[in-house]
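Chain naming follows the written order as A, B, C, D, E, F and G, and within any one chain the residues start at number 1.
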Amino acid sequence: MAKKESNFTNMLATLLIVTFASSAALGFIYELTKKPIEDALLYKKTLAVQIVLPEFNNDPFGEAKRVAVGKDTLNIYPGRKDSVLTGVAVETSAPGYGGDIRLLIGFLPDGTIREVAVLEHKETAGLGDKILKSKSDFPLQFEGKNPDNFKLGVRKDGAGEVDAISASTITSRAYCKAVQKAYDALKKGEIENE
Amino acid sequence: MNNLKNFTKGFIKENPVLVLFLGLCPTLGTSNSAINGLSMGLATTFVLVLSNVVISSISRFIPDKVRIPSYIVVIASFVTVVDFMMKAYLNTPGKNFEPSIYDQLGIFIPLIVVNCIVLGRAEAFASKNGVFASLIDGLGMGLGFAFALFMLGSVRELLGNGSILGFKFIKGDGMLMFVSPPGAFLALGFLIMLMRKLNQKLAKN
Amino acid sequence: MNQIIIYTIASLSILGAVSAIILYFVAQKFKVYEDPRIDEVEAALPSANCGGCGYAGCRNFAEALVKSDNFDGLFCPVGGNKTMEAIAKILGREAVAQDPLVAVLRCNGACEFRPKTTNYDGATTCAIEAALYGGDTGCQYGCLGHGDCVEVCNFDALHMDPVTGLPVVDDLKCTACGACVKACPRNLFELRKRQKKERKIYVACMNEDKGGLAKKYCAVACIGCAKCVKVCPYDAITMNNNLAFIDSEKCRLCRKCVTECPTNAIIEVGFPPRKEPQAEATVQAAQTENTSQDIVSAKKEDISTNLNKEE
Amino acid sequence: MDYILIIISAVFVNNIVMTQFLGICPFIGVSNKVDTSMGMAGAVMFVMVIATMVTYLLQQYILEWLGIPFMQTVVFILVIAALVQLVEIILKKVSPAMYQALGIFLPLITTNCTILGVAILAVQKEYNLMESVVYAFSNAAGFGLALITFAGIREQLDLVNIPKSMKGVPIAFIIAGLLAMAFMGFAGIVK
Amino acid sequence: MNKLITVSPSPHIYGKDSVSRLMYGVIIALIPALIVSVVMYGAGAIIVVMVSVASCLLFEYLIQKYILKSEIRITDGSAIVTGMLLAFNLPSNLPWWIIIIGALIAIGIGKMTFGGLGNNPFNPALVGRVFLLISFPGAMTIFPKAQGWNTPYVIPAGEIDTYTGATPLSLIKNGIKSGKGVSELLETSGLNYNDLFFGNIGGSLGEIAAFALILGLLFLLIRKIITWHIPVAVIASVFIASGILWLFSFEGNQAIMNSMGMKLPVIQFKDAEGVLKMFHMADPLFHILTGGVMLGAIFMATDYVTSPMTPRGMIIYGSLIGIITVAIRVFGSYPEGISFAILVMNGFTPLINRYVKPKRFGKEIKNG
Amino acid sequence: MRFHLMSPAQCIDHTGIVEEVNEKSVLVRFQTPPACGSCSAKSLCAPASSGNKTIEIPTETGSFSEGETVKISITKAMGNKALFYGYILPFIFVITALIITFAAGLPESVAGIISLSVLIPYYFIIYLLREKINRMFIFTLKKLT
Amino acid sequence: MLKTFSKGGIHPPENKLSAGLGIETLPLPKNVTIPLSQHLGVPAKPVVNRGDEVKAGQIIAKGDGFVSANIHSSVSGKVTKIDTETDISGYKRPCIFIETAGDEWLDGIDKTDVLKTETSLSPEEIIAKVQESGIVGMGGATFPSHVKLSVPRGKKAEFLLINGVECEPYLTADHALMLAKGEEIMVGIRIMMKALKVNKAIIGIENNKSDAIEHLKAIAAKYNNIEVCPLKVKYPQGGEKQLIKAVLNREVPSGGLPVDIGAVVFNVGTVFAVYEAVQKNKPLVERIITVTGKELKKPSNFCVRIGTPVSAFIEAAGGMPENTGKIISGGPMMGKAVINASVPVIKGSSGILLLPPEESKRKEILPCIRCAKCVSVCPMGLEPYLLMPLSQNNMFDRLEENKVLDCIECGSCSFICPANRPLLDYIRLGKTSVGKIIRSRKSS
């Protein structure tokens, strides 16, 4: 078959057919993938909470609480298993070297730090990014500690028992500060078993 | 034979990135690690193959003047499909909250539409050749693209992070410059130079 | 059907229609239509982008070829007749065959024949030296040896011979693009018709001085004695300003002039060694005088035999 | 103030070419001459802003309204392609001589990925219309800055002997890399 | 006649300057600063300079010989200058292998990819330095305290705090980030202008002593190796730019207030008091004496190859370097910005050369 | 057509081929610049590529014939002027309109549409002034062969 | 503060070995070879034939065209042949060969040293006389002087500048002339002022010739409107544009002529030649020339006949030193290296300089390090570092844009370049090519 001539009707018709076909296909595939996409998004949202908290089967977001600490207001997500409080995740932040460091901290009901997840940071790669577990052991210092008897401050500053990342005192300070804030919020939030 | 040639030429002799300099934006933007480069390459290959197939089968019916817009619609649809797929299945963040592959590739997924390779192949090859040949061509070119991205990604990951595909070869960080934007340009520059030398050698023999 | 799908289809179809209308007008207003043959012609061209055809690049030449009705004045020296035939086929026209040409250097003033009279110590380009000085030998016509020509040759066909200090044309690679002809400030290159088996006979000298003067500074200069003119049975040789010139159209490669020339200013390339005793003397002379030239001719013999085999 | 931050960010800190890797093709391809680079930058500025405005309006008031934001890619690319053509038609119709002068003056202006990329990014960043326009404008300015600087360096390098194997594209990438490295100094100026 | 006379175009006589003479001149000018750094940092300084110079020479040699296959020109001194200046921009305890990488980048990428001396658009030593800074921020931002011969090259594990200290600039920057005022910071750290001038501070090994660098400047000017335009433009613009900002800062206002007996704030604008309290800044003298301003202005911004060719161009170039430096120092995340500023302006040098032409002799007459 | 003894450095040239010769003008089609000619991606140089444009150039002398290669030049100043009226000025108008409508507190959809539609009168005015504008641009045609 | 020009310039070592020495007259040469092109423009046409007997001062070739000049026999004797002969550059040029016999001068030529101060000729007659006498610029450019004396219509000369700068190292010919012929020069200036209809003449002399400055100042006191202007030593102050800038603080426009700003510049040698032509009826057949060189036994200033072979007076100056690497006609900055010592002296030769081999070789060319020294010394405000590669790469439009044609070929840039780059070599090439292009553009 020879090439179609480029007259107006031909062009219009072709384009209409092409667009019709592809839009139909797209709409169809959209319907197909809608569910997985939503699942993925939900997973992404809850992943951090899942990591930092012990097992839970409630909807921590549904039970979120906002607590004011100083000038800031922090979000607290309690995790419960069969209505028993297993842990509390606190979203917190403090200004580091390159910008705000946002952490999600999982506390056990007794206030012990279980896990810390870095949600977002802008620290220098190679220096401040050692707050990531994949980059250094710095964050491990906090696990299993209870801020009640573990002084959240940089040892070098004489302010506490945390060994700073070398050459990243500011980041380390900010990290400690954020954790402290989260702990304060936790205390203030007074989340109890239901 | 011919098909085989069509398939292999995309790797070295007519590598879209390293020799023809097509699709440079995604190459630079998504090659900070081997896995990202590879994913982007495969996503592009997917679009390339399917759009090549579709276009080669419909090109006879399309008047010349609306050729390009029709191709664009076809390509854009496949891109959107890839987007859906990746959003659904490659959107899991890593254990340490490394962004998911989908997030890392970011803007470059929709930009596959304007990747010169895709439209270029549609125009230059698929619209003139049969379905099977177009498929082979798309596959070859796409894999060539993926190959280049993977190479670049590996080089950058190795130099910048001391690892390839996440497997650590050296302790600690590498030269972080290579995983930051300037490193992309530098690494690609040298890679192209090496490719040029290689091709010259090949041509001599 | 799902509402989303309907919206999708509707919006995209409308968009399709709108684009169709816009593009229709574009098509109407912009009668841009690139002849697909241009691509084909371009593909047939050697894509050396050397400018030998007189156009800025191969594509421009392809456009000109497609656009014009005949091939008058359009010729790709690099691709030669074969290419032109291929193009003629694409365009459905008659190719006008042109004789293939090759560049020859009309100077044989190697260091040994043409002793230096001064040391030139300026910027090493022929153009600059020629603009200010007559050269570092007494000959104001001969090669200056800085290789401006080598520089411009896109085809790697020219090399400086370190022994003679003269550029050597590689016949196989030379495409007769003419770049060297333009570049040489002394006009030493001539594009000659390629003759049988890459053989050629030419006067390798441009010296227009009177015999004595010419000979004084260069042992192999053409002294304008006109013996060759007399001996040539085909009237191929002309004499102008004390300088002989062999017309490659007329020359039948009989080699009579070569032996006649008292200064060996006429060069023969690509011939088997002579057998007649009287000719031997010249060959010997050439051998003793100019070994490197011999190497060159020997190489050229190889080349021409190879060529023959290929054909 | 926000606008100023957007501008500084797009021009210096997150330059579209040097850190976002958009528009590399024209960056490598058209940046041989400073004059043409300037022309190109001017034209891109217009096209980018207009395209961003149109796509913004489409996205916010049609796609969102219909509940089909996922059609973004398809719709944007078509609209941008058509828009660029439309501008050309209008220019030609309105003043042929001017159109012709432009044609001689400018290299090919194409719908490269910058235009689409900026349109999509503006939507992704959830800017409002004004911010989107400022964003588009400053990205075009950043593009122009990179292009012109780069053209200057390349014009200078045209006059010296760089190693043969580096000539052309490889050296262009090295320069781009070093330029990008220099621009990393601006990091942090906009948090 | 066996001895042929020579002919060549005019001129027939030449000046006595040569490339190597100029380069060795720069090397001599660098010696005072080198001495100060050895006095302050001991063996570490020597090791770093030696490793850097040696590897620059080596890489230049290897690349010329095996990759470019060109003439070997390492004796022209430019690689030595690059090596010394690279070393001058590094902490005196940088591990040797990082220095070698830096030299490789400086010579390999910064210089030789473009074909070598004279072709590179960017300052090679700075290319090397910035590459290292971004690639190894940890090692590159730990500066030993100046303790003379007692400064160890390899810092014993666990004793980092005894042997290292912040540079004045990062001290100020980090201090301000944690909300302290400049005078308080200077007081607690015991810094004074004498230290800044004579090099008793932490920092890259060549940048610490302003007086040694100024000696170098005088030498360069007397030997006519450089002209005054670039150093003066850079230093003056740093002074002016930081001075203007300082006037708007808490410290600047306080200083004026103290000297004139006025009330805060001197410069009035909306919510001035509140903003001012948040905006702390060191004074302009501090800014020109600390960090790499002197080193950069005198030795690195003046690099012939990468700086503009006309006096007016040089002044534009120098002033912009100063302004960018201050902008990065005050607003950016790096405590020091002169390296970046010089590199950025290197990028603009061709444009400056293109548009800032020397004043031609004679106006052009329009014909017809 | 007018000759000007301007230095070529201030000009921008293109080679083209005469496509049609009319009474008062010739139609010239640009050739793809040689740089693009050898580029493997030329045919795909994006959808809106204006790679080969045909332009009509008024000439008084009818000394051109079809198929001839010619050089078209304009001055850089002219190129800049075209750029200004074609792209920069309308751009400024759109931005200004946007700022004004925003400042006037219109909802952004309306503001956007209004400021986009500023282009309509702008181009209309240019259209009305086209004679004058056309006179601003002088092309020089020179035979190459 | 002494006056000087404001932009660029260099200070090469002066080496004025023959300064302060008087002028010696050489014995007549046995043969002379008189080239037919001793001026810009087309060669003159011979008006004698082989075998003709000629007298000194007799016209032997007539100027042919606008910027051409007459040529006179410098000796009496027989024309042996009219043929081509290699000139100083090695190209063959037409020459007239004369074998000397006696020293007979054409009638009407006054070859005494008596000063003749008054002239009755009208400006037109003066110019005609200058033209007839074959006078060309003795400052080096050999531009026919009658053309410069005829101010184009619509322009007006205000100042006559006399170039006694002699900024070239080594050369002392003008210096010697000023010391020996001060009065004659003043008369010559008056004649030229009359021809040009100007009221003011200024003699520019560099400060390293203080004796000449004093001497001429003393004489000038006797004349109205003639002034001596001492100048700071700086090369290339002798370039006419620089001289005008230094003395008058006016800039000759780019592409313009000195008359455009009301100035006309002549070399002192030219002035003396005009004096002799007008007052003594003596055409230009001899000139003052410096023979110098560090190895030379007796650097001197000679008065020689045009056409004398260079070797003759190198002999007179003590013979060619054993180690001579280069023979330069003119000064070391602008002079031309000659191919051998048998070439003849022409009207424009102001000196012969012999350089030892070590000084005659150029040094290895290194890459440009962009030190901007060439930019800073260029008296014309050009950028030699840029012009050279533009010329190498045939970028003619950019050469033109960057004003390559303004280059006065002073060589300051090549002199100063630490990388030993042959800047001027390539700039000259670029100038030639651009000049051709512009001419073809104008003619089309």
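Note that in this section a residue touches a chain if its C-beta (ideal position, glycine included) is under 8 Å from a C-beta of that chain, and two chains touch if they have at least 3 such contacts.
In this text, all values refer to a predicted model and were calculated from it rather than measured experimentally.
Looking at subunit A and subunit G, the chains in contact with each of them are C, D, E. When each chain is reduced to the average of its Cα atoms, G sits farthest from subunit A.
Between C-G and D-G, more C-beta contact pairs are found at C-G. Per-chain CA centroids place subunit D at a distance of 20 Å from subunit F.
A straight line joining the Cα centres of subunit B and subunit F is 35 Å long. Averaged C-alpha coordinates give centres for subunit D and subunit E that are 33 Å from one another. Listed for subunit G are residues 90, 336, 339-340, 360-362, 367-368, 386, 422, 425, 428, each touching two or more other chains. Counting partner chains per residue, subunit B shows two or more touched chains at residues 21-22, 65-66, 68-69, 72-73, 76-77, 80, 84, 114, 116, 173, 176-177, 180, 182, 186, 189. Residue positions of subunit D touching 2 or more other chains: 68, 70-71, 74, 78, 81-82, 85, 88, 93, 111-112, 160, 166, 171, 174, 178, 181, 184, 187-188.
Across the interface of their complex, subunit D is touched by residues 367-368, 386, 389-390, 393 of subunit G. Within the complex formed with subunit D, the subunit B residues making contact are 21-22, 24-26, 28-29, 68-69, 72-73, 76-77, 79-80, 83-84, 107, 110-111, 113-116, 177, 180-186, 188-190, 192-193, 196-197. Of all the residues in subunit E, the ones that touch subunit B in their complex are 101, 109, 113, 131, 134-137. By the touch rule above, subunit A contacts subunit B in their complex via residues 1, 3-7, 10-11, 14-15, 18-19, 22-23, 25-26, 29-30, 33, 36-37, 39-41, 43-44, 47-48, 51, 117-119, 125-126, 132-135.
Interface of subunit C with subunit B (complex): residues 12, 16, 19-20, 23-24, 26-27.
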